[in-house]
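You will see subunit A twice below: alongside subunit B first, and alongside subunit C after that.
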Partner chain A sequence: MDFINKNLPYLLAGISVGGQYALIAIGYTMVYGILRLINFAHGDIFMVAALVTVYATTTMPLYVSIPLTLIVTVVLGLAVERVAYKPLRNAPRMSVMISAIGVSYLLQNLALYVTGGLAQTYPAIPFISDTIQIGSATTKMVTVVTPILTIILVFALMQLINHTKIGMGMRAAANDFETSRLMGIKVDNVISMTFLIGSLLAAIGSVLYFTNYASVVPTSGAMPGLKAFVAAVFGGIGSIPGAVIGAFIIGICENIIKGLGWTTFSDAFTFALLIVILIVKPTGLFGEGATDKV
Partner chain B sequence: MLKVKDLKVNYGGIEAVKGISFEVPEKSIVTLIGANGAGKSTTLRSIVSLVKPASGTIEFMGENITGKDTNEIVAKGITLVPEGRKIFPDLTVLENLKIGAYMRKDNLTDDLNWVYDLFPRLKERHWQPGGTLSGGEQQMLAVARALMSRPKLIMMDEPSLGLAPLIVKGIFDIIKEINRQGVTILLIEQNANMALRTADVGYVMETGSITMTGTGAELLVNEQVRAAYLGK
Partner chain C sequence: MGKKRNMILGALLLLAAILAIVILEKQLPPTHIALMVLKKGCIYSLVAVSMNLLNGFTGLFSLGQAGFMLVGAYAYAVLTIPVEARGSVYMYFDGGIINFSVPMLVGLLASGLAALLFAWLIGLPVLRLKSDYLAIATLGFAEIIRAFFQWDKLGVITNGSNMLRKYPTFNSTLFPFIASAICIGIIVLMIHSSYGRAFRAIRDDEVAAEAMGINLAKHKRMSFCVSSFFAGIGGGLLAMYQGSIQAAAFKSAMTYEILLIVVIGGLGSVTGSCIASFLFIASSEWWLRFLDSEMTIGSFKVPFLRAGFRKVVFSVIIMLIVLFARKGIMGDHEFSIDGICRFFRNLGKKKEVKS
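Presenting the complex of A and B:
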């Protein structure tokens, strides 16, 4: 009991940050599932979402700036796909990866240019920034909101994928582009849909994530992006439930490690985990076999 | 119904199809036979624009469809049962059937009943992931999936490949039955004997060119065809 009381704040923080990683990780895993591409720019899109919130809230009320953040982020995600990935549809996979790395640096540098290299203060968003008391732990409302919202969104997403026509099209395209085209599926639209969902969830994730931080810098997307990517690999890249479970495990472990007083090792833990998975079970917890799409 | 004129298709520098012309009349069964690598699959794939022809024209019901997007061509009523079945392994049998009708917005109940009548086996297994079906069942599913788009012309790329003789006979019975119900059929086969028996018209393809044509019955008794494709 004493142990739990002492570690409750860390456990709560872990669940919360796990949910935030999950919202980012879904974008990685879905894009990988359909394009076999690791979208290195995804973490930076997440960072841009935070900057949009910062700038939007300086002039606009929250009920405008949050939807605006979601819209701008989705448009950015779709634009990146159109400009940087779509022209390379038939190119070797390595070319697309390099393009993704290019986009990542481009977004970071654009952010550097726009912010002038100054950390931008993230606004306090009412309700989710409110302080609450849970047992022995004092925390922000976002800690409770995140896991609930994450689970609702993941549930909705699974419904979309498993029980709608576009979802069926997405699963088919993940199997085989050419045969999907033969069925009359517009594969490019399905891919856009994937980027739309990934970017939207990343934008929601950014609102939740940055509520716990004071400011945003151009590299703010790198670390959570990387953690979410590890979560996706851990869960079995391509699998949505895998990414979500992986994200929660990583979030919780990281924070428990902090609770034990080994804060300096909490990041190292995540990357050690990545290495261990890649050695022991490269397909992750729920990964498909080594079915490489040609 | 389908008119192919001077069709040429290249892969990089290789000429896979070297200017072929043929016709598929409405409500007929036409077969294209030929040795491995003759360019049969390439021909079918270029008709649905999965590969872009280098030159030539493809006309369907009086309309030039050369190089149009695959989904537009499918919407006009052409469908292809691809080489190697290519069913979606992660989708259930029922979902595979529904995805065959992806372009349609109307009710599918009648069509599901229709294909379940043709392939009762699929009805029993509608909940099973496509990838867990046996080879013969997968072939049935591939044909049934193609029928779900309510095609005017169905092209089949070696539907009997790798199937036991009894199942092969079953597939050919179905082909005849589908045709009797008004669907035009363009069939590629290694099994030249069965194909020529079933078809109204046959074309023989050799290394990218059509070298012979005739009714199925004529080709069946043709000396050269017998020597090259019927092993007699």
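Presenting the complex of A and C:
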């Protein structure tokens, strides 16, 4: 109990950041499930979403700028898929991955150009930026909102995947790309839908994430992106509940490590975890059977 | 006969390049951008070729290059800072615990060896993974190395997250050129040896290679270690070029840049990587500079031009290459005089057909 009391702020921060990683990780895990592609640009799409909010709130009220952010991010995600991944659908997997790295490079440079290299202050969003008191810890409302919102969204997503036609298409495409195409599933539409959902969740994640961090720079998407990917691998890539649980575990562990005074290693821990999980249990916590990763 | 002629021509080309560098150095002021591009281009060529050995020739998709460069750069800097300068460099750590310094060339060799040691250790677990999992694991290790070198408990050796400086550097462009040329020469010899053939067999088909009696684990490890050794030397050279280093600069973005160079040059082409490095460095540092400053033609102000636009144009060009010219400049061919002759002969033939 003493341990929990002492580490409560870190624990809360961990749960909150875990929820935000979860929202990004879903995008990775769904895209990987269907296309077998590590979408390196996903973290940068997350960053662009934050920049859009920053610029939109300077001229528009919040209730316009946040929906606008969501729309712009979704359009960007779909555009990236159309322009950079679709032409390479029959190319070797490595080419697509290199293309993803190229997109990430392009988005970062574009952000550098637009912002002029200056860190942009993220606007305070009423309600979720308010400070509250939980036990012995003072924190922002976002800490409480994030896990709840994450769970609601994941629940909705699971309903979509398990009980709708497009969800069935997604499951089929993830299972066997070629056969599902033969069965008359419009695979391109399914993939677009996947990118749409991934980008939408990343945009929501960015609103929650940057409320805690206050400033956006062109590289601020890279680290959360990589961590969310690790979370997806940890939970078993292709599995949405796995990604969410993995993200919470990583978020909490990372913040506890920070609390113990090992801040330098909080990033390193995530990657150490990745390597251990890849070697010990390559399919992750909830991964689907045998794959060819090892 | 043809082989001998090619060797003589190659040697002549190399001599001509050295001569050109000497003349350029005489003619241009030492801070001229062309010399900077040449120096950095040489270093990046070496690193790109070392990455190509792994990604293009062995088919191991590794993204750890920046980490190994970091190890090399630090090994070089830590070992070669003169004893009398240590006090001021290691201000916060009472001069550090290393009380000797080694000559430049020994330091450079040590930078390669240090990277090799790290690569060997990392390779033990990581090389069991395949394709994109290998990529993400090596990327992870590069980040761990970066965190590790910034740890203040190790500050007595690595100076924590502070800068390392005051170590010996090179003045002449010839130094990185010759050092890189020797290293690339060794890599080329390796590619043409039986090891190189084994690497290519692994790239093309692991199962078939294993059936042919190639020891997969041994050859993968060897490729990984050799590649990291030369990446380490490249890191040491980069440290010399920059004059001061900081672990924070060796981000994954650096690996991405090198990977893009390799892809632009063509996976599996040594000369392609070299050409692409010089083109990449020259266009990002020099030729596209004009895009960064505002320009007016008559009374018309050209839109979009301001700081940072160069990088945007540059990355769009890269995307176009990645999407539409997937083989890069050279594909998996090598640059050769015969190739050039053939190219022009074919060009002539095509024209004849047209007319």
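The rule is simple: the second predicted complex is superposed on the first by the 290 of 294 C-alpha atoms of A that agree within 3 Å, B and C clash if a C-alpha of one lies under 4 Å from a C-alpha of the other, contacts with A are read in each partner's own complex, and residues count from 1 in each chain.
Heads up, the rule we're going with is that a contact is a pair of C-beta atoms (placed from the backbone, for glycine too) under 8 Å apart; a residue touches a chain by one contact, two chains touch by 3 or more.
A quick note: this is a predicted structure, and the numbers were derived from the prediction, not measured.
Participant: Which of the two partners, first being subunit B and second being subunit C, lies in contact with A:281: first, second, both, or neither?
Facilitator: After superposing on A, A:281 lies clear of both subunit B and subunit C.
Participant: Please indicate which partner A:95 is in contact with in the superposed arrangement: first for subunit B, second for subunit C, both, or neither.
Facilitator: In the superposition, A:95 touches subunit C alone.
Participant: Subunit B or subunit C: which reaches more residues on subunit A?
Facilitator: C
Participant: Can A:171 be said to touch subunit B (first), subunit C (second), both, or neither?
Facilitator: first
Participant: Mind sorting out which residues of subunit A both subunit B and subunit C touch, each in its own complex?
Facilitator: Shared contact residues on subunit A: none.
Participant: Provide the residue numbers of subunit B that touch subunit A in the complex, in ascending order.
Facilitator: For subunit B paired with subunit A, touching residues are 48, 50, 70-71, 74-75, 79-80, 82, 86, 88-91, 95, 98-100, 102-103, 145, 149.
Participant: Which of the residues in subunit A end up touching subunit B in this complex?
Facilitator: Touching subunit B from subunit A are residues 165, 168-169, 171-172, 174-176, 178-179, 181-186.
Participant: If you look only at subunit C, which of its residues touch subunit A in the complex?
Facilitator: Counting only subunit C, the residues touching subunit A are 61, 125-126, 128-133, 135-137, 139-141, 143-144, 147-148, 150-152, 251-253, 256-257, 259-260, 263, 306-309, 311-312, 314-316, 318-319, 322-323, 326.
Participant: Quick check: in the complex, which residue numbers of subunit A touch subunit C?
Facilitator: For this pair, the touching residues of subunit A are 36, 38, 83-84, 87-88, 91, 93-95, 97-99, 101-106, 108-110, 112-113, 116-117, 219, 222, 226, 229-230, 233, 264-265, 267-268, 270-272, 274-275, 278-279, 282, 292-294.
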